[in-house]
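You will see two complexes here that share subunit A, one where it goes with subunit B and one where it goes with subunit C.
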Partner chain A sequence: MSEVKNNTNPGPTPKVDTRKTEINKFSLIFNKLGIWVIVILLAVVGMIVSKGDFFSSANIQSILEAVALIGMVSSGLIFVVYAGNMNDMSIPMTMAMSGMMTVQCINFGFPIALLIGLLTGAFIGVINGFMIGKLRANPIIWSWGFNMLLSGIARVVWGGKQLYADSIAKDTEYAQNAAETFYAIARTNVFGIFSIMILVMLVMFVIAWFIHTKTSYGQKAKIVGSNYEVAKFSGINCAKVAMITYVIDGVAAAVGGIFFSALRKTASYENGTGYDFSCVTAVLLGGVALAGGKGSVVGTFGGVLAYGILNNVLSWIGLGTYEKYLVQGLVFLFIVWLNTYSNRKLGKG
Partner chain B sequence: MNKKKFKINANFINNYRAYFFLIIIMIIGIFTPKFYTAFNINAVTGNGSLVMWLGLGFTVCLIAGHMDLTVMYMSTFGALLCLGLHSINGLPYIVCILIATLVGVIVGLANGILVTKFLIPSFIVTLGMQFVVKGAMYIYTGGAELSIGKDYAFNEFLNEKLIPFLPFSAYFLITTLIIFIIMIVFRYTRFGRNVYMVGGNLETAWLAGIKSDRVTTLVFIISAAACAFGGALNGVYSGSASITMGEKGISPLMIALTATIVGGTAIQGGKGSVVSTWVTLIAIAFLKSIFKKTEMQVLVIAVILIACVCYETITLYRRNKTVGTRPNLHKEYLEETGKAK
Partner chain C sequence: MVKRYLAVLLSGLMIMGSVCLTGCGSTSETATTDTKEETTKEETKEETKEDTKEDAKEDTAAGGDNLSESKDLLAAAEKDLKTTDGHEMMAAGTTAEVPEATASAEDLEKLEDTDKEKWHFYEYLDWDTANDATFPESPADGQKGKKVVLIVHGAHAWTTCYQEAFEAACDAVGMECEVYDPNWDQSTQDGYVDQAINEDPDAIVVIPVSADHAAQQFKKICDAGIAGFCSNTLPEADAMNYIMAYTGPDDWAQMRNLASALGKAMDGKGGVCYITHNVGTSPYYARTYGPMSTLATEYPDIKSLDVQSPGFEAAAVKQVVSDWITKYGDELNAIVLADDSDQAIGAVEACKDAGRSDIKIVAAGNSKQGSELVESGDLFEMSYQSCQADAGLAVRTISEYFCGEDIARVSYIGTDIINKDNVADFTPCQW
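The block that comes next holds the complex of A and B.
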């Protein structure tokens, strides 16, 4: 460049364009297939490490059961990240509150208790959606503070106690049956292979895929996530989109919370601790950009699977719970870097 | 010299809300038995000092426009390293603390490089680094609890009062000193002003010739190193350290965040003060001694945080509503046409 500006030169030298024109093949492949490359790689590693036991039905079942709760919550959380709201930090208390409400209302019968639990999640979602969508609060700070507020309320109202469904249920047969059904939902196998939890997770992912690709809401969420101003000036009701986003997220977290308390047989304010970070890990592994507007439900399912398979493979290798954290963190950082790198190489990020 | 008119209004209260919070807590303290005793003040400020380091790290990063979630595990790791090196390897305390701080510097450097060179958002980087630090911590200790052993000299030094007539422990005074040093650095040096500029507008800062990558990396290093150093001191001060050191009761990360927001640091970055965070943390520490129950503590702290976030959000919402509009259009029209009285 300096030669062009130099006046002593007889004339401008012809510029040679040294920029690459061919697209980076690896980035293209990774961008198209995303996390599934990693899933297949991990499965191959698992095959080698476990000497063939990896694809036994018992092992696959255990992988899926381990990620079922994370999968349920992630299927709702993906919309929050996708619509540009970074992360919903109120997931732990949404899970805990819905579980506690379900257990508290177990006397009305199981279906009504379930409905109340789901409505709790939806209600929390509405408040989040109003504050973040309408009043434009910072998503992370608001949901984090709201999580703490809910935690305080739950602790004060229930006095920091743990709730047990069978002790809360009255002596009538109806209530006792409801409590038994509540415990059973996390322990029953359908067709003898899949437990209900896995089935619910898969159904929720299908619903999320449908909402994401086939409805106008999914398209609007993409525009809102990628550019808020453009969405606003093209006539999209951004507040409404955010509201729907958070209601979906709240309901998904509520389903996760109800299954969590059914699985642990207790409901307390500590129930969902740590799920905010582990779920966003799964979602980000699936190639959803934190800035919003990029990603897919299929990818998120891959991310959830990768999370489970990584844990399983590390167990096959023989690492303890403690060492797993280190490897998980490094793998997470590596995959997210791969995502951003491939996006940048293709000029998408 | 232009004199500003002194006025007590909502804006004034909002700007100095950390100090008002502390004053209100102090007033409530008058009605609490055994509140204004030297022992209570000493214990409260000493036990609250760990969170002050976390608040320092979090605020510094938020001023530069980034989130640092590693602070909590970094401080625990610092404490474990310091105590482990002393009791197992037999190194003197100064070397132990230096090594712990060095590990903090390395983690901060990794954070900064991942954020600036690999262009990953800071939220993700520190989220992943959180797991890495947690894993390293578990591997180092194997889940065991570490204690200072039989060498009480340094522990006693941190616990005793440096200045005879003030009921503050040496640990708290060291914390305060470092926080004020960092405040001076951030307010009066070129580096400090650069941090504010990078946080306010990264692109403008870059165009103005600030080496924004270097500034961001340095901020991450300061945050992680301060947390490791403070954690190491806290380990010696309290005499023992375990992996769940930070997780009892309310999460310290949560308190650090609350203090940062209540202290007036802007969420988008570019505005804020370390000292306001420090004042808020003192208030929260005293609040804990007023409300003894954990349940009430969580509720009260959460209500304060939510009130601050709501106030800021609604103010911003109202301001954004009137941007680009002419609310006094009718009045202007009347004045122009001479119909106004």
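The block that comes next holds the complex of A and C.
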């Protein structure tokens, strides 16, 4: 009897998706909370190393004051990065020129001098916006070159000298009071708790958050930052978006520059040196993508705070300057890696 | 329609092209004319220079009229030129006695930071004169008509003040002066040194961007047979083998004096923190380890709590000092700063915010901000480093060299200390 054999050939094996579909919980948490996870971790470390003094009002004030200027400038720079322009290299000279113009015009009275300082920042923003938005100049190369040009102008016009508000102010009571008010803005506390600088930084972040999340400009900036061509063919006026972006950035840098000059009691072409990089670091730490189209103002504020808290915690630990640089570099690299990693894990990278 | 657009476009292009061509033509013509003019000017300049040199030689031969005139000019400049704060701009320099080093540089490095001896080779230009290069001999015909190239370190308000004073002093003594600014870039400064050598001036003055490049720079200058002078920033000791003379502030002496006064004011006890200059520069060592080792020697009960280098931004310094105040509390009694402007403002603001007016702050000076802080009592004391006198001493030394006089290889400007009682003598500030 012949045995009937069953056909044992299983045929083609059904394809099984072996990729890991389980979402890494940590990635999800980090992606949701972003830099705030790091801020909380740093605060916990701070609590431990300071034996409870970390949350003293003096220490919190110290941290916030240290990052106030970076925060002010970053609240505007976030839009530049978000709209896909990577960085504004003309930030140092925008800060310097705004401070110099404010001091130079101190004889008109403090409000007018302040307005001129802010307009200087806005004007620089308009030029940047026109060149980068309308004429499509490379944002890095243009803003870097423009920074050099502004530096040259400042040196030629003021002969490489520092400007002191009280020296420029005429011997009238009005002008001297204006100079005094100018110096005082960086030294006055509100309700005896927070300095004006901290308050201004917080207000600027709230305004930036509002612009970013509640206005059509914020939405357009996201699309322009994500994909310029798509934005263009969707009917978005990309040049106008760039113009608004750089004006916001210029005004924010001007506010920072005016406070910078007021704090050091002198306006000079050197003011603001290095702020282009320190601010973009804070923005990137906050989770804003350098390629544009991704990030938040709340995250940027967290990045700014992380910058200040880390410095504070390292001082509490008692590290020297060299060791501080080392640890700061490692922590910043770790945060950037964490951002990229969690985005990739969640398919957002 | 299309044809019309094309016609308009073509016409436009033609007009633009012709404008460009005309523009280019006229520009190149102007450029050629300019070049010709420049060449003529340069030739005239060369001729004038040659004439001046010839005249000077003849004068010397004929009884040294140029020399005596130069000496008169120098004497008048020494008497007449004043700094903004009313001091003599070209006052004679002082020299410091160099004690014998107790060990080799390598062995001294092993000592504690608080040991004065460790800093011997940083503090003194203690070089081996046996290795000195052959320096160009002084023409001994006076400085009048001589050309000096000044290569500064970089753009800063201090540098502007120095440069202006240097030019004014050169003008007063009858020297021609040309200035190069490498904007803090070492390779650019090296390039300027080469360029200056090619110009064949009578002397080159360099404020080195970095001390350890100075030997190489001055060797080149010396090899070219040009007199090289170092100003303001201390070079590495070995560079002195090629340097005709160094003139500048005696940072170490001043900081040691400040520390002595501070220690006395602290009644010989308490804790001190230090904010430094840029790490690795000569002021970094002088302004940190000068006072630290002095306090350790003279007042052993004073503790060094911490040393930080947050740079020169008031906000960054303010955070460091605020952190110190929270961390050390009453243990912190004094702060030594490398800078009396931004660093001082940051430190003073932090102390004010914390209500710690008892903390004594001293700084290396002297800027307008620093003077105001001393006047208000927020800054206990600061050193007087006259930028204009620094330039004046350099020009005086060069002039004396051209007049054939013996010059000190190392000479310093005055080492006054500014406090609340005498601050009025040092205002208005120079920069």
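Just so it is clear, the second predicted complex is superposed on the first by the 333 of 349 C-alpha atoms of A that agree within 3 Å, B and C clash if a C-alpha of one lies under 4 Å from a C-alpha of the other, contacts with A are read in each partner's own complex, and residues count from 1 in each chain.
The definition used in the following text is that a contact is a pair of C-beta atoms (placed from the backbone, for glycine too) under 8 Å apart; a residue touches a chain by one contact, two chains touch by 3 or more.
Given the structure is predicted, the values throughout are model-derived calculations rather than measurements.
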Margin query: Using the superposition on subunit A, tell me whether subunit B and subunit C clash or fit.
Written below: clash
Margin query: Looking at A:264 after the superposition, I want to know if it touches subunit B, subunit C, both of them or none. Which is it: first, second, both, neither?
Written below: second
Next item on the list: Give one of first, second, both or neither to describe whether A:187 is in contact with subunit B, with subunit C, with both, or with none.
Entry: second
Next item on the list: Could you tell me if A:63 is touching subunit B, subunit C, both of them or neither one (first, second, both, neither)?
Entry: second
Check: Where does A:329 make contact in the superposed view: on subunit B (first), on subunit C (second), on both, or on neither?
Finding: first
Note to self: By the touch definition at the top of the document, which applies to A:74: first (subunit B), second (subunit C), both, or neither?
What the structure shows: neither
Notebook entry, point to check: Now for A:136: first (subunit B), second (subunit C), both, or neither, which partner does it touch?
Noted result: first
Note to self: With both complexes superposed on chain A, which partner does A:104 reach: first (subunit B), second (subunit C), both or neither?
What the structure shows: neither
Next item on the list: Could you look at A:290 and tell me whether it touches subunit B, subunit C, both or neither (first, second, both, neither)?
Entry: first
Item checked: Partner chain(s) touched by A:128 [first = subunit B, second = subunit C, both, neither] -> neither
Checklist line | Set of subunit A residues, in rising order, touched by both subunit B and subunit C | finding: 155, 159-160, 321-322
Item checked: Contact set on subunit C toward subunit A in their complex -> 155-157, 159-160, 276, 279, 306-310, 313-316, 318-320, 322-327, 341-342, 345, 349-350, 353-354, 368-369, 372, 431
Next item on the list: Enumerate the contact residues on subunit A facing subunit B in the complex.
Entry: 86-87, 131, 135-138, 140-142, 144-146, 148-149, 151-153, 155-156, 159-160, 277, 280-281, 284, 290-291, 321-330, 332-333, 336-337, 340-341, 344
Margin query: Per the contact definition, I'd like the list of subunit B residues that touch subunit A in the complex.
Written below: 67, 114, 118-121, 123-125, 127-136, 138-139, 142-143, 254, 257-258, 261, 267-268, 294-296, 298-303, 305-306, 309-310, 313-314, 316-317, 320
Next item on the list: Going by the contact rule at the top, pick out the subunit A residues touching subunit C in the complex.
Entry: 50, 53, 56, 58-59, 61-63, 65-66, 68-69, 155, 159-162, 164, 167, 187, 260, 263-266, 268-270, 308, 311-312, 315-316, 318, 320-322
